[in-house]
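In the two complexes below, chain A is the common chain; its partner is chain B in one and chain C in the other.
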Partner chain A sequence: MNIQDNYLKNKKNIFFSENKDIETHREKLINIFENDRFDKKNNESIKNINLKNFIDFKYKYLIPEETSVINKNQENSYTIVSVNGQCSSFKDDKIEITKILDEDYNDFSKNDTIEHNDHFVNLNSLFLNSGFKITVKKNNNIKIKISNIITDDDLTIFQKNNYICEEGSSLNLIEEYENKNNSTSNLLNVIKLEKNSQLNHFLIQDNSPNHNLIITSHSTCKKDSNYTQKVYNFSEGYVRNFHYSELIETNSEADLQGIFFLKDNNICNNKTFVKHLAEDCKSNQVYKGILNDRAKATYFSNTHVDQVAQKTEGYQLSKGILLSENASYFSKPELKIYADDVKCSHGSTIGPIDENAIFYLRSRGMSKIAATKILISSFINEELSSIDNQQMSEIIQKKLVRYLSKVK
Partner chain B sequence: MNSETLNTLDSYSKNKYKYGFVTNIDNEKPKKGLNEDTIKFISLKKKEPDWMLQWRLKAFSKWKKMKEPKWANLNFPEIDYQDIYYYSAPKGFEKKPKDLSEVDPKLIETYNKLGIPLEEQKVLAGVAVDVVFDSVSVATTYKGELEKLGIIFCSIGEAIQKHPDLIKKYLGSVIPAGDHSFSALNSAVFTDGSFVYIPEGVKCPMELSTYFRINAENTGQFERTLIIADKGSYVSYLEGCTAPKRDDNQLHAANVELIALEDAEIKYSTVQNWYPGDEDGKGGIYNFVTKRGLCAGKNSKISWTQVETGSAITWKYPSCILKGDNSIGEFYSVAITNNFQQADTGTKMTHIGKNTKSKIISKGISLGKSQNTYRGEVSFLRKADKARNYTQCDSLLVGNRCGAHTVPYIDSKNNTAVIEHEASTSKINEDQLYYCRQRGLSHEEAVSLIVNGFCKQVLQELPMEFAVEAQKLVSISLEGSVG
Partner chain C sequence: MFLEIKDLSVKIENKNILKGLNLNINKGEVHAIMGPNGCGKSTLANVLAGKEDYEILNGKINFKDNDLFDLNIEERAQEGMFLAFQYPVEIPGVNITPFLHSAINSKRKRMNEDEIDNLSFAKLLKSKASDLGINIDMLKRSVNTGFSGGEKKRYEILQMSILNPDLAILDETDSGLDIDALKIVTDGVNKLKTKDNSFLIITHYQKLLDYIKPDYVHVMVNGSIVKSGGSEIAVEIEKDGFQKFQ
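Let's turn to the complex of A and B:
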């Protein structure tokens, strides 16, 4: 179906369709879809995939009957179950959860460069049908765990979540995506870190083969704030992790890390983009991937240093291990630097498991498979050992063991 | 300021680009613009056989349908292809001079100013020079001695007439006319360039060199160079460029094709110092070059070395297609941009054969308000077992109004291939500067010394003839922008 017809037909279910400004913007987006030539070579958002499947989709959304559950387990610790991208409102003296409002629509979605380069963000803006907003109040130290549940098959969820960490606050956020049905979930996280706040963001992704997960996030960091994101991708379906970060005031930090484990015909697209717009900021982008069978992955990393952003430190690292002869990995670590007093670097390696290391282990009596497994575990050991949450560490270990059991 | 100071300043600023002079020789040109008649005119002037004309026309029809590639991080006004002369040859050159005494004395003088007196060069340097002055080869020296070894070193025009078999077989085999719009343009209107054929088992005893020089105003130069190294042979080829000072932008779209057969090795070195435009970014050469080498045979090797200091716009990606098993591709580059120069340069290594190896060392230095981009692609295709790549690209920033960008594309489809890429960007180390200043060097000398050290890894790959010149060039490029 034509994207415009699709939109008009389902308009009543889509957020903010009565708002005139938003409507005009959406018309512009429809125009982009109709006039773009979908240049696979130069558009990072559509590499390796057939965009047609995502544009000519059947729209289906169900408003959940059972509203979500918010539990306050202990002091400062909350668990949220979000159903079909929705979450009921909640308020206490530490956090506040509300629906997203018209004005939240403009965050990140209205952005000229994004509009022309990221078709999935455009789809999200067009068909937005769910989402919520969490505010962590001043000087609080909070833990939140969110489980994302999708109730039915063939649902198309277009969700936008806003996270705001007020001054001096600290948030430990764990998001779980474990879905077994054939749905498509297109999620946009907009994160705002006020002065001196901190957010540790963990994303655990483990979906079944027919579930598509498209996550985009955009974080802005103000003075002395710190955003750390860690993505663990064990999904068997298509996953896209595109994460943008902007350091807009001095002494802020962004740390975007990810590891992904692919097998079969799995496709995974990753991108991290850090924009340094102020002095004395630091950024770090590290992605590691293991690819088996006919899996395909891409990783685009980008550090942009503005002319004013002196004393910047920006590092990138990308590592890929190809376990089978049909796997392929594409990486493009980019640096764009307009200031002179900077320290920026990137490194990228792709290759098989080190044969000398395998030889060493085999000469000590290990089978080849055991040796391979040990070396894979050690490849990502740094990331695993840095998890300070005992419970999460166990979850990830379990998933890793499951992945390794299929390595031959 | 009194008038004397102004005069001194004036004369000083005029002297900045020391190769910026114009030789007044009558030019015989066709009308401006690009159409089939222009191509027929060129072909007629070059006395080409019909198959060549057809080849050109085919390329032209492809070009008409193409758009300029847009991937580069460059900013320039649209090129008006109808406002350019596509052929200009000094009058009376339809008949080639037999020796130097027949050459227009003004030309000889030009070369003397450039510091390459042909007469002396014959005796002194042991370098055979195939000079391109505008579009016609003026004199080819050392030919006889090369002929004894069976080496063919002549202008491409001559090769089309004398060695049609080789041309038919190899021209356009590495860079197809329809590859992109600049290669199609070049294929349609190329006027001159060099042709080298090294027969089986021959090691070329001297460095072959061409001195390109753009002269007549508004004449784009479209050289075509084709080098074929047959089995087991070796050749080292030098290319150096300077251009007279001009205000109008001059378009330059050269194509260079290298073919290395089994066990052959080709070393291709370039020093490019075309007019980069003035301090306000006015004028300068637009340089859109396609260079590609094919390691066709087993154990073959192609090595590109380039020092890029000139041109307002540089768009250049010397690449290697590593098709033969065990073949090797190398790329060493120094790119310096100053004032308003823009450079988007790098390489493309395509690994097809087994055990193929490639190495990329790229050093970018940005000064003034310039933009310097490294853009490189390394790809391992499915059958490139045990292929290996190492890439290092470093950038140095001097001043806070310039930009340094690194855009590598890394694609691996083989699980036994290993790829390593590293890059860093920083400014000149304050401690090193302090150390040099303490020992009595001026700020400018110190920067020049450090930059030369930064580039050393690449400069040492250049043949002797070039190495000294290149080092001087690096220092000259830094002048006036530091401090």
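Let's turn to the complex of A and C:
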């Protein structure tokens, strides 16, 4: 079924489809799919995958019978179980969680700055069927853990979440994606950090082979704010982690980190696009991957420094270990600098595990497999030891042990 | 015979490096091999330790009644062979203490000995490090990472003293060391010497042999040993160079 027929057939289940403005906008997006020849070479959003599989999908969405649960565990700590991308409303003096309502169409429908070149964001805008909005109120410091549950096979979740950290607030957000059913999640997180606010965003991805997870996030940082994203991907299904960041006011910062552990035929596509649009801002990116068997990964990164963004610091680093001759990791970090007083660098190293290090460790009595495992662990040691959340650290260590147990 | 190398020929990337090399080492002996750059000294050390880049064309090596070629790299180490590297590899993220603990226990396991527990190992490590003038803080760091040349060599000797090998091969351990560091390193080696272990010392210079007294000195040229004798050979080399042996 072509994209237009698919949309028209399921329109009644899609948010804001009665709204004329949105309808017009969606027609434009449909035209992009109708007219685009899907030039894989020049469009990072579709590298390594067959986009047709994602366009010719059978739309299926179930409004969850079981409503999501929000618990306030301790004074500043909340857990949320989001079911099929939905979340109940909740409000106290620190946070407010709201479902998507018709009057929110302006907040939820258009993604102008990142649409058009990103086919998956366009699909999200077209088929939006779930999502919620979380606001952390001024000067509050809170923790939220979200478990994302999908109830049935063959569901197609098009979800958009809006996060707003008000002035002086701090949010520690852990998101878990551990789905075992055959379904597709296309999630767009739109994150707004007001003055002097902070968001530490951890994403743990560990889905089964037939679950596709497409996550796009778009953060906007105002003065003195900081957005940190750490993604740990152990999924066996397809995963796409794209992040668009805009540093729009002075002294704001974006730290992006992605660590992925792939095997078999796993594919993980990563992309970042960081725009420095004000003075004295920093961005730092570290993407590391371990790839075994026939796994494939990409890392496309673009740091754009506007001419007004003097005293920018922008760093990009990607590293990969290929444990098999058939694994591949394609990395392309790019800097576009239009200001003259900046500190920026980019680097990329990908290759097999260091044979000299293996020999050294074995010459002290360690078996080859033990030496390989210790070198894999050491490769990501810096990132793992920087996790200051004990619970997160334990979860990741456990998953790492499971991954290493499959390395032969 | 403790180590017996018979007619060993080895090549790497179509280049013959060792050409019919013979060497015998008995228990309790210290042997030194001296030779010019590129004569194959480090190749011999690497082949003994089991590095897999080399092709063995001919010959046999027996070590403690084992055919060495039947043992892989770690089995050779567990059997008591130790190579102190000329250029120790930096391994960021691998902490020295657990690495050495794991190394000693893999050897004890092969010898059917009980594993050494954390506390006993910590005590052993601390005492050996102190003997070699190694700061305890260094043991909290990653293997060889950010170490100076002297620190790397001292750390090699620390590993050797912890693992207490039957045969230690020192591949140009003196290179890059100042006189004080050389003394610390050689003191460490001398403390380890017993009637039950042996040393094969590879060096360019006689200086190292002023501190570690060899029982035998061999001159290696173009992939084979061309002369063997006592310490007087080292003196002869120091005076006249290797030219006369080529």
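The rule is short, and it goes like this: the second predicted complex is superposed on the first by the 394 of 408 C-alpha atoms of A that agree within 3 Å, B and C clash if a C-alpha of one lies under 4 Å from a C-alpha of the other, contacts with A are read in each partner's own complex, and residues count from 1 in each chain.
Keep in mind that, in the parts below, a residue touches a chain if its C-beta (ideal position, glycine included) is under 8 Å from a C-beta of that chain, and two chains touch if they have at least 3 such contacts.
Please read these numbers as outputs of a predicted model, since none were measured by experiment.
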item: Combined model on chain A: chain C and chain B, fit or clash; value: fit
item: Contacts of A:L322 with chain B and chain C, given as first, second, both or neither; value: first
item: For chain A as apex, the angle formed with chain B and chain C - C-alpha centres, to the nearest 10 degrees; value: 70
item: Chain B versus chain C as contact partner of A:P333, first or second or both or neither; value: first
item: Partner chain in contact with A:N356 - chain B first, chain C second, else both or neither; value: second
item: Chain B versus chain C as contact partner of A:F379, first or second or both or neither; value: second
item: Partner chain in contact with A:L29 - chain B first, chain C second, else both or neither; value: neither
item: Touched partner set for A:V136, first chain B, second chain C, both or neither; value: neither
item: If touched residues of chain A are counted for chain B and for chain C, the larger one; value: B
item: Which superposed partner A:K368 touches (first chain B, second chain C, both, neither); value: second
item: Distance in angstrom between the closest Cα atoms of chain C and chain B, superposition on A; value: 11
item: Where chain A meets both chain C and chain B, residue numbers; value: none
item: Residues on chain C engaged by chain A in the complex (per definition of touch); value: 49-52, 72-74, 76-78, 82-83, 85, 88-89, 91-94, 99-100, 102-104, 106-107, 110, 142-143, 159, 163
item: Residue ranges of chain A in contact with chain B within the complex; value: 42, 307, 310, 320, 322-352
item: Partner chain C, residues of chain A touching it in the complex; value: 354, 356-357, 359-368, 370, 374-375, 377-382
item: Residue numbers on chain B that touch chain A, as the complex places them; value: 70-71, 382, 395, 397-427
